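In the two assemblies presented below, chain A is common to both, partnered first by chain B and then by chain C.
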Partner chain A sequence: MTNTEIRPVGPEPARTRRNRRTGQTRKASESTAATTIRTRGTRLLAVLFLAPTVVGIVVFTVVPIAGSVVLSLFQWDVIDDPRWAGAANYREILTDSTVLVSFRNTLVFMVLAVALQLLIALVLAIAVNGRMPKWLRSVFRSAFFFPLVLSAASISVVMKYLFNQDFGPVNWLLGTVGIPSVPWLTSENGAMAAVVLAYVWQQFGFSFLLFVGGLNNIPKEVHEAASLDGASGVRKHLAITLPLLSPTLLVASVVGIINALQVFEQPYVLTAGGPGDSTRTVVMVIYETAFEQLRFGEASAVGVLLFALIMAVTALQFRLSRRYVHYQ
Partner chain B sequence: MTDSLLSRRALMRYGAYGAGAAALAGVAAEWDRLTAADIPGRDDGSLVIATLGSAFNPEAQRALRDGFREVHPDIRIRINPVQAYDWSDFFSKILTQIAAGTAPDLVYVATEGVQLFAQRLGVPLDRWAKRDAAELRSYFADVHPSLVESMMYEGSLYQLPVEFNAADMYLNSRVLERAGADLPDDDWTHDDFTTLLRAMKRSNGDRFTPYFWTNRLWGGVVPWLFANGTNLLTESKAPGGDWLWNSFYPEAQRRGRGGGYRWTTPLADSDRVAEVYDYLSSLIQEDLCTRPEGGDGRNLVGVFSTGRVGVTPAGGFWAGGLHEAGMKPADYDVRYFPRRRTRRHQFGAAGYAMLRTSKLRDEAWEFIKYTARKDVMTQLFAANQTTPARRSMVDEARYRETGPAHWQVFYDTLDKIPTTGPIPAPPQVNEVEQLLIKHTGTALASPGAVRPALRRLQGDLEKAMEREV
Partner chain C sequence: MPGPRTSPTPSRARHRLAPWGRIAGLALCALLTLGPVIWTVSTSLRTPAESFDLPPKIIPTDPTVDAYRGVFDQIDVWLYALNSALVTALIAAGQMITAGLAGYAFARLEFRFKKPLFALVLATMMVPLQVTMVPVFLELKTMGLTDTLLGLIVPAFPTAFGTFLMRQYFLGMPKDLGEAAMIDGAGPWRVFRSVYAPLAAPGLAIVGVLAFNYHWNEFFRPLILETSTENLTLPLGLVSLQGNLGTGSISVVLAGVVLSMIPAVIVFVVGQRPLREGITSAGVNR
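On to the complex of A and B.
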């Protein structure tokens, strides 16, 4: 006999249980699942299943984060032993204009890239989910997902050629319709636009797949009922699709924002952070400070600030999601 | 609402387990930790030589390794070609190897990193060079003293240069022909240069860029600064080094030599530097010149060889590159950089630096000497991917297949223009280079941006130079 309790399916007797902390009572049926899991064997099994993931998270996430926090309090150049610096690294980076500009750039990039990425992915997902032959739908799905499996660095090298002001095909194409040469990589706005476009082109496939999955989960009957009521296509998407897709939108935006805040390859290869500092991102500053200037303590301090920013933005998203996300 | 899966007591218990595990981890951290050096085969007693991956092709690397083994069968060597985008990237990877406990014994280092390595990681070669003076005499007789001086730091020699590249000017013959222009004189000026670019622009259409340059320390704005009699940082020479000059160079060649370069106070906001930026800005405004960030060296070979660019600064390394891109010797030629206040050129050189962490120093020195031999350098540089540091190797036979017709310019940049010197590369070079690239982009972004950008460059350079590396 196992320790796991098997309970009969169906309505339970109205037993009550007293909460030790609040003194309130509630029906035992509410805590059936938890009570079942509490049995020793199930708990052991749960621990065993979770252990590899927990160990992985501790070793590859928690320890490096803790290491960065500790390192941010030292001066270290790899070659000599670390020297205690206390808060000096934080003082240094908070008065460094390059670091501050990089945070601004990263936030601007995040807003532009995530908004564009979600919009493109959503529109394409709705389009692909519409009426079309199955084979064509597969072609589109593969084509939109394909850039995601390519290396960001190699995509950026290609983009650098495409966006070249003097010899790039993009400006050549624009020239054929009479649009003058655009300084994509050599003007502040052009460079940010090029970096965002390169990033979105590669990343939107992930959100696209999420949205396709989310759209498939929306019952057809709801749309049919709305059609019978005379709702237009746009109205149906605004009043039905978007609210029912909101949990998927939340996931896509959380993942999208976390990724966008850590952008590195595209600006590093495309513009090297320029012109000036206009496309220098936080992760670029971390890389340059650590590996080019050998100031690992300050780089860690920037990393800790970025970590705090990501945590704050993610927490804010979940907080807002209580109001805007609708679960069926 | 559901119950919490963990009671307070359980939480305390797991907390205690966690604390215990952390304590154990702390104790474990005190033990000798494993490093990359513990990986079987990593530390097998071989002399490890880190080269910039693209510097030598695999065939050349094999020849280097096999040839050295024949001469020194008792020394095991392992060549570690490190792939990197540029020297800065290469140094970062070497430093990572050092941090991982797998420091190589020798590192191929260019001018950009000579002082950084010398100050922090390098071993001076003085005692070995003095000991083997007789053996080295033919090498120094064949190598220009400027190249050797660029490998010295505070009176000591840290590398034997095996290659160098000075920033001369490459011209596309087809573009010149379309412009109805001849190859410029040896002594051409900035004005001649501008006139030539205008002629090229007129005869080659809208989708053509007369002058193409990249935004880097080597070959970017620096050769223009040199030609205008200025530099990014104040230049002086360290005392010392007499032991080398007196031993290996005749009186005429050792005059004015010192113990290596010192680059100190930034000069970015000086009038002469501003003149250079104003000039480059005017070329951009007139559409005679690409913006500095417009591309990199890899784009450059393609656009030059297909006639979309007329002129660009490059070293002897381009002879090999253009040949590979399909250009015939007559399709292009080379001239000195156009003069302004001076004819001074910039160069960068490279050789092997010995690391302090090496336990095989005598063996490492044998390898350094071996790579400086003419027969070895001939094998290594067969494809004209660089200019050999030995004068006797820069001859007609070498350039017969690749061109250019005026190949003499490469070594004459040192021999006939004695003021030619290395790019400014203090120990803080990585930050200096980064700042130069960043602010050059801003300075040339729009008319009127030059002076504010140079003031910011000056401030940032001062801060970087004050920082201890």
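On to the complex of A and C.
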């Protein structure tokens, strides 16, 4: 097609200029020939370089997305042939109380976990950013970031003991400040709280690192000017730090929400979704429906709904952000 | 930790209270953050009889490694660790290669459909693993890769985040270097191989460390894919340890947790900087 005309546009001008500087009198036709060969090599190289990534993404992400949508319209247990189901899977899951509860749980979990995670991370990041010896700062930074490198599954095993009502250190610790023992894993609200706390404990370091990075990008003079004007500490942060940090806040909350909607390890290991269905999350339902009950069509339908939910929440976030995110 | 360093000059007196109060608060938070880890390590060294003691003794009265012996008796730690190491190392190496190549192509090579292809790669960062997991499982099944370590490794090679990171990295390198090499007659491959690839090592380290950390701890995909005992990875083995707990003490479970933490902690200590930079640089999908 127009291929041949487009080809030299990118690298050509720069190279002819250089050629003129080095090679004395090279004819225009010669230099074009050289460029063409080189461009052809470039394109071949691009194809080779991109092939593993692009093929991999198509095979393991793009096709599966389409596959999920198609599968959600069938009934299939892998053993027998798939049977067309149309909207029946969706009708079924939208009237299934466990599925509905799992969506409610996931949303409740998301709101609690993200709010808590961002709040803790923000306060700690501002505190760490204040004046202190350099080594101390890096000690704190490492400490808050450490849980992030541990495995969510094995740390959830640990949390199961920490949250035990009778001999768990959490209740003991609360007892020392006069709070009566909490039935963490055996009551509905307690179990949700335990899952949220276990998750936030592991994840807040992520937002914390983002905030520390964001705070470092705020010019020091802004705060100095505010201090000269007599602004108090809290006031300074509410009126200046937060607006200037709002782009980072947006990223942290978008990523936080996307991750929270996919929570699996903590409820799976810590509470197994219980008591009742009180901590069963959407991803747990997808896992159980597909790989325990072998209902692949219904599982895909739940997956498609989760995907739609994530997209909707993310889009909403970016919409709302137009009002409160300030770019410098 | 604080204490002796104070003695401020009178002019700084107004500031004295605020920083130390803040630092004490931070120290308390750091202690709470590390608390569960400290408790895990210390409990894993206690005798079964002592393991439920409250208040928890941080230093066990008579420390014992019995629990660690118990772990090795109950599960095949070496096999699971070997599986985990194999999977993690191959994925990390594979991601460094694919992300390095693709990142370079997007940053420095000219070709058609560059923009839409890059948009495609970026868009896949938003797709949750769980949404695609059922079809991916079926694909792997037709390829005969379910319940193999290869089935865990191959799908993890392409990395949208790593590609994005490496593209940024290559874009940050001066263009003149490559142009100079081209004037000297180097072809596009040579420019990549001899000029830019060696400079990309720190960026590749970020990709590798992030991949190592993520996949060493990975639970969801192995849980779905691996069914035979000989194919389990360490996180799965540990959770199974919890199952036959009836007779044992929690020390055994916690000893297993500590064992699985060791490589993660090593990577944390050695690769803290790349890890932090990787997370901070865009912070998407780990």
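Operating definition for what follows: the second predicted complex is superposed on the first by the 262 of 328 C-alpha atoms of A that agree within 3 Å, B and C clash if a C-alpha of one lies under 4 Å from a C-alpha of the other, contacts with A are read in each partner's own complex, and residues count from 1 in each chain.
Definition applied: contacts are C-beta pairs under 8 Å (C-beta built on N, C-alpha and C of every residue); 3 or more make two chains touch, one makes a residue touch a chain.
Remember, predicted model here, so these are calculated numbers, not experimental data.
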item	value
Touching partner for A:Leu73 - first (chain B), second (chain C), both, neither	neither
Touched partner set for A:Leu209, first chain B, second chain C, both or neither	second
First (chain B), second (chain C), both or neither touched by A:Ser142	second
Contacts of A:Phe167 with chain B and chain C, given as first, second, both or neither	both
Touched partner set for A:Phe264, first chain B, second chain C, both or neither	second
Chain B versus chain C, judged by how many residues of chain A each one touches	C
Touching partner for A:Leu197 - first (chain B), second (chain C), both, neither	neither
Touched partner set for A:Glu288, first chain B, second chain C, both or neither	first
Touched partner set for A:Ser154, first chain B, second chain C, both or neither	second
Touching partner for A:Ala85 - first (chain B), second (chain C), both, neither	neither
Chain A residues contacted in one complex by chain B, in the other by chain C	38, 78, 160-161, 167, 172, 291
For the chain A and chain B complex, residues of the former touching the latter	26, 30-31, 33-35, 37-38, 77-79, 160-161, 164-167, 172, 175, 183, 185-188, 271-277, 288, 291-294
Partner chain C, residues of chain A touching it in the complex	3, 6, 10-11, 14-15, 18, 22, 38-39, 41-43, 45-50, 52-57, 59-65, 67-68, 71, 78, 124, 127-128, 130-133, 136, 139-155, 157-162, 167, 169, 172, 201, 206, 209-210, 212-213, 233, 251-252, 255, 258, 261-262, 264-265, 269, 283, 286-287, 290-291, 296, 299-300, 303-304, 306-307, 310-311, 314
Of all residues in chain C, those that touch chain A in their complex	1, 5, 15, 18-19, 22-23, 25-27, 29-30, 33-37, 39-40, 52, 54-56, 97-99, 101-102, 104-106, 109-112, 117, 120-121, 124, 126-139, 141, 155, 157-160, 163, 179, 182-183, 187-189, 192, 213, 216-220, 223-224, 234-236, 238-239, 242, 250, 253-254, 256-257, 260-261, 264-265, 267-268, 272, 275-276, 279-280, 283-286
In the complex with chain A, residue positions of chain B that touch it	1-3, 5, 88, 92, 95-96, 98-99, 120-121, 207, 209, 212, 215, 290-291, 293-295, 299, 303, 308, 430-431, 434, 437-439, 441-442, 445, 453, 469
